[in-house]
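Consider the two complexes below, in which chain A is the common component and chain B and chain C are the respective partners.
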Partner chain A sequence: MSATNTRRSRHTGITLSKRTGLVFVLPALILFAVFVLYPLLTALSYSFFSWTGIVRGDFSVLDNYVTLFTKLPYRDQVPNAFFHNVLLFVGAMVFQNTVGLGLAVLLHRLKRFKRFFQTIFTLPYLVSPLVVGYLWSLMLSPLFGPVNFILKAVGLDALAQPWLGNPATAIWVVVFVTAWQWVGFPVLLYGAALGGIPQEIDEAASLDGTTSWQRFREITFPLLTPAIGTVSVLTFIGAMEAFAIPYALGGSQGSPAGATDVLSLLFYRTAFESGASNAIGTSSAIATLLFVFIFGVAVFITWFMRKAERKLY
Partner chain B sequence: MRRKFVTLAAFAVGSALLLSGCAPSAPAGSGSDSESADDVTLKVWSWRTEDIEKYNKIFDVYEKENPGVTVDFEAFQNTEYNQILTTGLAGSDGPDIPMVRAYGQLQPNIAAGQLEPIDGKVDGLDDIAPSVLAGAVGKDDGKTYAVPLATQTLQMFYNKDIFKENGLKVPKTWDEFIDVNETLLKNNVTPIALGAKDDWMLPIFSDIIGAGRYGGSEFEKKVLDGSATFDDPDYVASLQLVEDMKKYMTPDVVGVSYTDSQIQFTSGQAAQFPGGSFEIATFATQAPDMDLGSYQVPLPPKAVAEKPVTPAYADGNFAINSKSPNKEAAFKLLNWFATPEFGQLVADDLNQFSAVPGVDYSDKVMAEAWKNYEKSPAPYLLLVNFRYGEPLGTAVLGQQVQKMLLGQQDPAGAASTLQTGISQWFTPAK
Partner chain C sequence: MTSTTPVLTEPAIDIESAGPSEGTPRRKRGFSLKDATASTLLWVYALISIAPLLLMVSNSFRTTQEMASSPLGLPLAPTFSSYQKAWVTASFETYFVNSIVVTVASVLLSTAVSLLAAYAFARTKSKLFATIEALFLSGLMLPVYLAILPLFFLLDSLGMISNLWSLILVYGALGIPFSTFVLASFFRQLPIELDEAARLDGAGAFTTFFRVHLPLVRPAIATVIVFRFVPVWNDFFYPLILIRDQKAYTLPVGITRFFGEYQTDWATLFAGLTLATIPLVVLFLLATKQIVSGLTAGMSK
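== the complex of A and B ==
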């Protein structure tokens, strides 16, 4: 019934020609071109020139890129920052696919308060990451922060660390706070995917005498592959572009001693804080490399996940 | 017919969306239509959004003295200012007189030809301290491009009440200085508040503690002409002093942010705060009842300088947009910026140290710090001379001192990393 209805409405409605359709799309396309495509291409072109302030100098081929890998401070800071981006990605993946997935499965089985808990877990995600970062930096302050105060109060003095002042712990605080803020996202996504798995399969399997862990491993988990793919790609992009939380926790320099530095911070420093006369050239090169890397890997993950899905069905 | 209508409607809706999205804000009217031929409006830009009213008051004085001139003062968010100014100077509706940064950060504007050289056209530049005026000079052509506005001095601030309670006096010798800190430590007061998590504070701290040890201006001359490097034993020794201070700070000081350290000091939890004169106004707002004083850190044994020094630097300049159509009026205003009359207004209304000499400071704390500075000034070495290339000297040392406080670096290593960093772009003048 509903199918015929849709079909009929297609004929009775206004028919759009290709050209009319294009006209509808055009404004958005122009916006996209002006605000996304054009800056992207200009950044690419800027990275091939040397600059004095905002005056473009000679075509410098790959000089700006060579600078990133041969000159101070970049040759030290680029690999250091990149390594932290990778840590962020790995940390977020582990957290989301264990804690996030676990919570989603638990919530899925929950009969009551499901919405309530979903909302609770998603709440931090609705707060600006800058605010989240500052709140955590206040909580972890060695002078006034409640975290160390509580640790000391319960006798765990050894654990009362200068969390953000010690390079060995600072980056893990960034990883944890990022994961803490975003955990609601995989909970929602996996929750939706779990809801989409027909219960009959589960029931049939349990009639065949499988344990619940077997059912999760053999049925639920494989059927979640598309959701895992989506979460992976978005987590990867988020981790590579991370800026707000590292900035709030470690400042634009990635304190302490560069331990929380990430590529976006390096870009920000180069472009807006260095005051170097070739700031535009170098920062454009960083931006271009970052974009190419994110784009390439995101395409690869998508391709890989598609392949994995095809194998399953 | 119908299709045409739909097409048209779609386009209209679409473009309305687009236009509303990127409609430029109307340019601020300068009111030139109603003015007579002699009347000029000078647009002045600044990053001091907190001082708009004060600047308007200052420019009222100028407008009264110079009929026909209207000064239109606009201020923008400090962190966005460089971008806004760069765009403004490149276009046609920029300011006539922009407030510009000093030293290295000024160079991109000069290199891009956006500013007018002012040598010989502004009186009173010769009276300004050389290390302050250097902040307005083009590194490549040696020409002066701006009139310095303010000077920031670096010194040790202290809470007079805490000193009194602990029976302490302002230290005159290094032994007394150490004694002050030891006594405070013994009495369970944190001697020094420092926000070592924010590494820009650390080169400031290093110069407050160590400039006298490495020799201030004398050492500056030697580094600039190549007869010394930062590997010099005297410079390394000055960093050693910085490391020695660690025990007088909060444990885990690298976890303490700059704002935390301000609170630590203003709430009376720490007795001393090494900082710039820009703190005076902040402290006065945060702790109006605190009895604040400042002193120069005494000379340590084997110090190169003959007396304790106050490192300082220029903060902010006024320049002229090379595209300004009102250059004559702009030069007149710039000349006024170099007079003691304006300097006094800077002191009284803006609560800043004027770059122009011959100004009186009625504020007690400011007067004390200024007296110390005038007695024996020194350059804030890394900011004044080593921010002309990448990596910035201040950024390298900031991170190295952080590592020193974490126990990951020794003073010699920090100094040598600084030397390697700046060597990438700095070549001594013979």
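== the complex of A and C ==
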């Protein structure tokens, strides 16, 4: 009796021995180690070697990285693609935090049809990005695409154009289509955050004679900070990893003339389509830079938002 | 209730209708300009959100000639011939079956191994397990797809390129971070007394897990399954690189090929896109609750 008692107290909150625990964890650990961890660590090492086809050559220190910024075509393509990723992030952030937030606020006031609107706004988010991209490429087709048809029907003939054929508009199509697909997520997330704000705060402030805009700016908006942080991180990761929508709208070459090129496409092209003898070295350098950048900034945004939150409470 | 439009605000009205959820006094006052604007805006965006998808479905029942003459017409004489063409001639049948096999198998795999691991994370307190859990969690933020080259060589050396098993194993592994994250937080909410009671009744660790805990985390299992199903079904990157044989294409890669071949056959293109979307719509209708609550998980704390 006393033996079991001491055992109990020593093990409060623990019911699995280390050995049993390991048996439980092992299947997941093996799968994760073989198909995620090992490739990830190996991929980083690839970028520090020179390659001939699939044969690894000498340790080349940072040569592959230098190539990216000094040799053509990479010298032009890397900044061009990176700029498009940034546009995508900024564009999607603006859309989600204006249209998305606006819709969430409007929905929050709504008594009926709330679920109905939520469902409709979320549907594009669930559809495959590739399908979304191809669908919009048909919608915007100069041949008999509905978008130009509508523009002409309402007398805006001047606006009707080959949206994806024109380098000046093509990237904005990518930005819009991406934002269109993603907006349901912030609507739901902001909706949940708005629902979590105690009504008493708002009531008290309104009794003090504040306007509703003041209350939104001073009370609602700051209390949304955690949700905005989540949306920012996910939007950042999504924008930097963008692949399927640009692929569907501009092909693997980022047509027209690299106007829809993004870093993931550049990585894919360099690794699998370029036929360059050092394709593995160069593409691994792109992957490593992108990897470090995405992880670094995501961690930074999370840290920054935590700090902002702590300041508020 | 508050409004985002500063111009229309009249403080007197706002004080009276200050209780947002008990907005009945205000509602009784009838139709207000603010409400009308709000619902108009919601309907306008609803249209922007859904119109392309409705058009996709509606055009899949029309012929390409009809679309050329009136891009926005309704399928007044619906025809299923595009579906037949996409399904049989354009091999969508093969792609569809491959996608189903890969998605179902990989989601089951990642859910099964994650359930076991998550249980261990929730019921142990050693540094070793905390480290493994942190390792899994880091997978949520890492752009793991960038590790495709070594993965390709690994699978190639195992002779698994163009084999559906390669996708099943890779997606299975990729599902572990999200699945263990959700499941472990559910297991942690279950009171430890449950374990103690089961142990007193003579049940071992595995019996306790299968008989006592597993039934209790069913809602979490549903969430995990739904939320892994969508990205795996939709993924395009891995099959684009790991599958080189058309017979083993999943839907997304099949669609890229199909768009090259049927460029001007719009009716078939729309039918193909619709076919690739149907399972997601079915899933959404079956699990709207899980999807809406899952997307906002952690916000209701």
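Things worth noting here:
Keep in mind that, in the parts below, the second predicted complex is superposed on the first by the 291 of 313 C-alpha atoms of A that agree within 3 Å, B and C clash if a C-alpha of one lies under 4 Å from a C-alpha of the other, contacts with A are read in each partner's own complex, and residues count from 1 in each chain.
Just so it is clear, a contact is a pair of C-beta atoms (placed from the backbone, for glycine too) under 8 Å apart; a residue touches a chain by one contact, two chains touch by 3 or more.
Just so it is clear, the model here is predicted, and its values are computed rather than measured.
Set side by side, chain B and chain C differ in how many residues of chain A they touch, and the one touching more is C. In the superposition on chain A, A:305 makes contact with neither chain B nor chain C. In the superposition on chain A, contact is made by A:142 with chain B only, not with chain C. Applying the stated contact rule after C-alpha superposition, one finds that A:193 touches chain C and leaves chain B untouched. Of the two partner chains placed by superposition, only chain B is touched by A:164; chain C is not. When the two complexes are overlaid on their common chain A, residue A:211 makes contact with chain C while staying clear of chain B.
Using the contact criterion defined above for the overlaid structures, shared-chain residue A:42 touches chain C, although it does not reach chain B.
Of the two partner chains placed by the overlay, only chain B lies in contact with A:258; chain C stays clear of it.
Contacts of A:81 after superposition: neither chain B nor chain C is touched. When the shared chain is aligned, chain B and chain C each come close enough to touch A:54. Taken together, the two structures place residues 14, 16-17, 20, 24, 27-28, 31, 34, 54, 143-144, 272 of chain A in contact with chain B in one case and with chain C in the other. Partner chain A is touched in their complex by these residues of chain C: 1-6, 9, 11, 14-15, 18-21, 23, 27, 38-39, 41-42, 45-46, 48-50, 52-53, 55-56, 67-68, 71-72, 109, 112-114, 116-117, 119-121, 123-126, 128-129, 132, 135-136, 139, 141-151, 153-154, 169-170, 172-174, 176, 180, 192, 195-196, 199, 205, 208-209, 230, 233-234, 236-237, 240-241, 251-252, 255-256, 259, 266, 269-270, 273, 276-277, 280-281, 283-284, 288, 291-292, 295-296, 299-301. The touching residues of chain A, when paired with chain C in their complex, are 13-18, 20-22, 24-25, 27-29, 31-32, 34-40, 42-43, 46, 54, 99, 102-103, 105-107, 109-111, 115, 117-124, 126-131, 134-136, 138-139, 143-146, 149-150, 180, 183-185, 188-189, 191-193, 195-196, 199, 202-203, 206-207, 209, 211-213, 215-216, 220, 226-227, 233, 237, 240-241, 243-244, 247-248, 264, 267-268, 271-272, 280, 283-284, 287-288, 290-291, 294-295, 298-299.
Per the touch definition, chain B reaches chain A in the complex via residues 2-3, 6-7, 10-11, 13-15, 17-18, 21-22, 79, 82-83, 86, 90, 101, 104-105, 107-109, 111-114, 196-200, 250-257, 260, 263-264, 269, 387, 389-392, 395-396, 398-399, 402-403, 406, 408, 420-421, 424.
The part of chain A that touches chain B in the complex is made up of residues 14, 16-17, 19-20, 23-24, 26-28, 30-31, 34, 52-55, 71-73, 137, 140-144, 161-167, 250-251, 253, 255-258, 272, 274-279, 282.
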